[in-house]
């Protein structure tokens, strides 16, 4: 029984990271219709920046926000330099652009930082807590708490603030939104900035547990995808649920079936979702425009 | 039609030539300086560059300057093979050091047989030297030897039931296979066999399963990079107390930084690079180890790694062979390499023969234990 | 939602039309397929004329093999408009079948054929459910498929040698030429073989474009619904394109395995799939010449950038982004447009 509990804890911890990435995907997709393959790199930027700052002696409570801001800046730059100039580009162009951006960012991080693996201490120490026969790291609680907080923030922001509603309006019909006086450019900038901030925050929170290095972003992005698909593209609740579910599926596969194909579970999930229920758990029905 | 003509024109124009440099003795290297194996290739490249500089400052080999040509193959076997071709044909090197990864090494190996150029690989898998290829050597211990060394220590402690938890990267997977292969012959029984992805962040499910296995007595973790550090932390998190072994893939201070206190008490097979000050006065490796560490730290401001050490040894073996051969004919160099005996490097003391292109035996590995955040040799 | 917007959908048609405009009689004698083959053959021979060493032949071989694989992408993406981020999986199937066959006593040519058949069959079977999707969903589904293939190749070490890969024994191209009494170096022999196969592949693709099937594919590119209203069996046409492109990738993979003598699972990885699509869109996904140019640039680039190896990723990423913004339809159409504009 305590084994199952351990598996669940493992699944939720990792799942919370996937959820944060999925939330970032969802936000950008909602606003611009772009699937941002560079989402994983924001996580790395957050983690590497924080590691560099903390390594240089900056206290954690200053380094963390700075790392998130760094991520935000890169997000805005991504939008301004790569996405906006592309305009109404065809699908394949947008895919290549965001993948190209992720490759570029990875190369930049090799150059700006280094190729080593980095870590810093957990925010509340590293002594594991015992829970009913299983153990959990305090940092895991930060990660889980962080993802839930992000979700709650997004739910409030997108529904209760003007800026947030502006993003939603831009997403559903850009021209109409512009016609009613919404600054669509600012809405887009904001959604990219937010999405990047979410990713960077995930990186900052996760690094004490997962470590960080310049090339861990790719696989993370792919798993984050899987979470988004499972939860339903465009639904923040779906992103949260999808992320946690993928994490759980992976942990339970490793625990009960075979650790060899644990990684495969995320991709099997993608295929199953797309074949059987493309809109995912919470997404809207997909309509084909003629 | 325009389009086709234009395309044909663009194609023809885009063919450029690489101009070969002009120097005395040219040595080539194809390493994974960037990419997923940069962990390996970066210190290797840095080491080679440092050594060539030092060598030339001291007059080169027999008075001739050495030029080092390094290409970054990113551990991509395709690129490695192309660069190897380039090194041999365009850059006209007399020998090549490289192949940070097994895949890159094996892709390049046939070329060296074809062109008869000696090649010293820096990768770990035993398949590189078994079966022996005439022009291919290697400096790192084989993963097979690491398993044998670890199992010897386990049985010396009176234990025999072992659980494996391996990374699914090339190094981890290959070493796992070797461990399964030599287990019986070493008196060890593998009772659990789990794996994890190289960039996974939580291995508690796998460790929980291993710990719950009946009669488990020790755990071995083949892998390198960040995986083993995560496993080590998870190990401590779960409160496991079984004897825990890592592989030579993480024999570095960087690993201690990542694993932190969780690493206390674990053992691994390593080269003396980690215990420079604890080597006996009459240990033939003491001098090369201390020289290497001092020089690397001075030039790069950080400690060298085991992987850089492989490159260090490869270079010195090569230079020594060229000096002994008295010529820069590649076949002569290869013959001189095969005649190497008792060459004390930082990884071990090398003696090659035509049948043994690896040159080390189990004594080159030292079992180290992590104590008080540092490394301590375990008495044999 | 993004993802719409005109692409080079009508480009192959334009090419054909313009081709038939000009000196009509000469054009009509040589069909577009044969013409393409001849142009490719000339380029292959041109390379052989100016290449000074095996190194160049080696890079040239890679260029032709990549061109072949990317031609398949052109059929799928350029003609029909479907994005696949997992085609490296089919490439790897062709490669590994060729590698594994001899270990079980199957001679190379047969193993190669088996691999290609397997890739085609997989594309047929998995294609049905996957091709019902569109846009990003299709791209991600193919990504998942490619990743699964890559994982199987990495994990089943007993069969595939695991992440470190395996040696490929088998026919050396040199022996083919010995049969007709020609003595060539290994690298040269492979160059000719790769070039020849790429040329044939290109010719087939061009013929396909100009056939009724090809026109059906291009109709789908513009609009599924419109195509269906014209009586085109959309599902079947898409499936055909998917299978054809998988076959191209598998043949290219088999050639690479033999030419390299060694194969690793990374040939089936996500990055390789991305590379294949990038080569297509860089050169111009609408035509096989775009495939050639894209393959040429991306294969030769790392060789030219060795001085900047540390920045290679940044350069590659930047090229991808800038090309898609500034030259949306790819290099070949872009330059052709400049040319045409200069004339008028």
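Descriptive notes on the structure:
As written, the chain order gives the labels A, B and C, with residue 1 at the start of each chain.
Simple rule for what comes next: a contact is a pair of C-beta atoms (placed from the backbone, for glycine too) under 8 Å apart; a residue touches a chain by one contact, two chains touch by 3 or more.
Owing to the predicted nature of the structure, the values given are computational and were not obtained by experimental measurement.
The touch graph of these protein chains is complete, with an edge between every pair of chains.
The interface with the greater number of C-beta contacts, when A-B is set against B-C, is B-C.
In this assembly, the C-alpha centroid of subunit A lies 33 Å from the C-alpha centroid of subunit C. Chain centres here are Cα averages; for subunit B and subunit C they lie 36 Å apart.
Within subunit B, residues 34, 168 each touch two or more of the remaining chains. The multi-chain contact residues of subunit C, meaning those touching 2 or more other chains, are 155, 310, 312-313.
Within subunit A, contacts with two or more other chains are made by residues 107, 110, 260, 263. By the touch criterion given at the top, residues 15, 18-19, 22, 35-36, 39, 42-43, 46-47, 50, 52-56, 58-59, 62, 154-155, 157, 162-165, 167, 186-187, 256, 260-264, 266-267, 283, 287, 289-290, 292-293, 296-297, 300, 302-304, 306, 309-310, 312-313, 331-333, 335-336, 339-340 of subunit C touch subunit B in their complex.
The touching residues of subunit A, counted against subunit B in their complex, run 3, 6-7, 9-10, 13-14, 17, 107, 110, 115-117, 119, 126, 128, 135, 137, 206, 209-211, 213, 215-216, 219-220, 251-252, 254-255, 259-260, 262-263. By the touch criterion given at the top, residues 34-36, 38-39, 42, 168, 194-197, 199-202, 204-206, 208-209, 212, 225-226, 229-230, 233, 236-239, 254, 257-258, 260-261 of subunit B touch subunit A in their complex. Of all the residues in subunit A, the ones that touch subunit C in their complex are 32-35, 81-82, 85-86, 88-97, 99-108, 110-111, 218, 222, 225-226, 229, 233, 260-261, 263-264, 267-268, 270-271, 274-275, 278, 286, 288-290. Contact residues on subunit C toward subunit A in their complex (touch as defined above): 1-7, 77, 83, 85, 129-130, 133-137, 139-141, 143-145, 147-148, 151, 155, 223-225, 270-271, 274, 277-278, 281, 285, 310-321, 323-325, 328.
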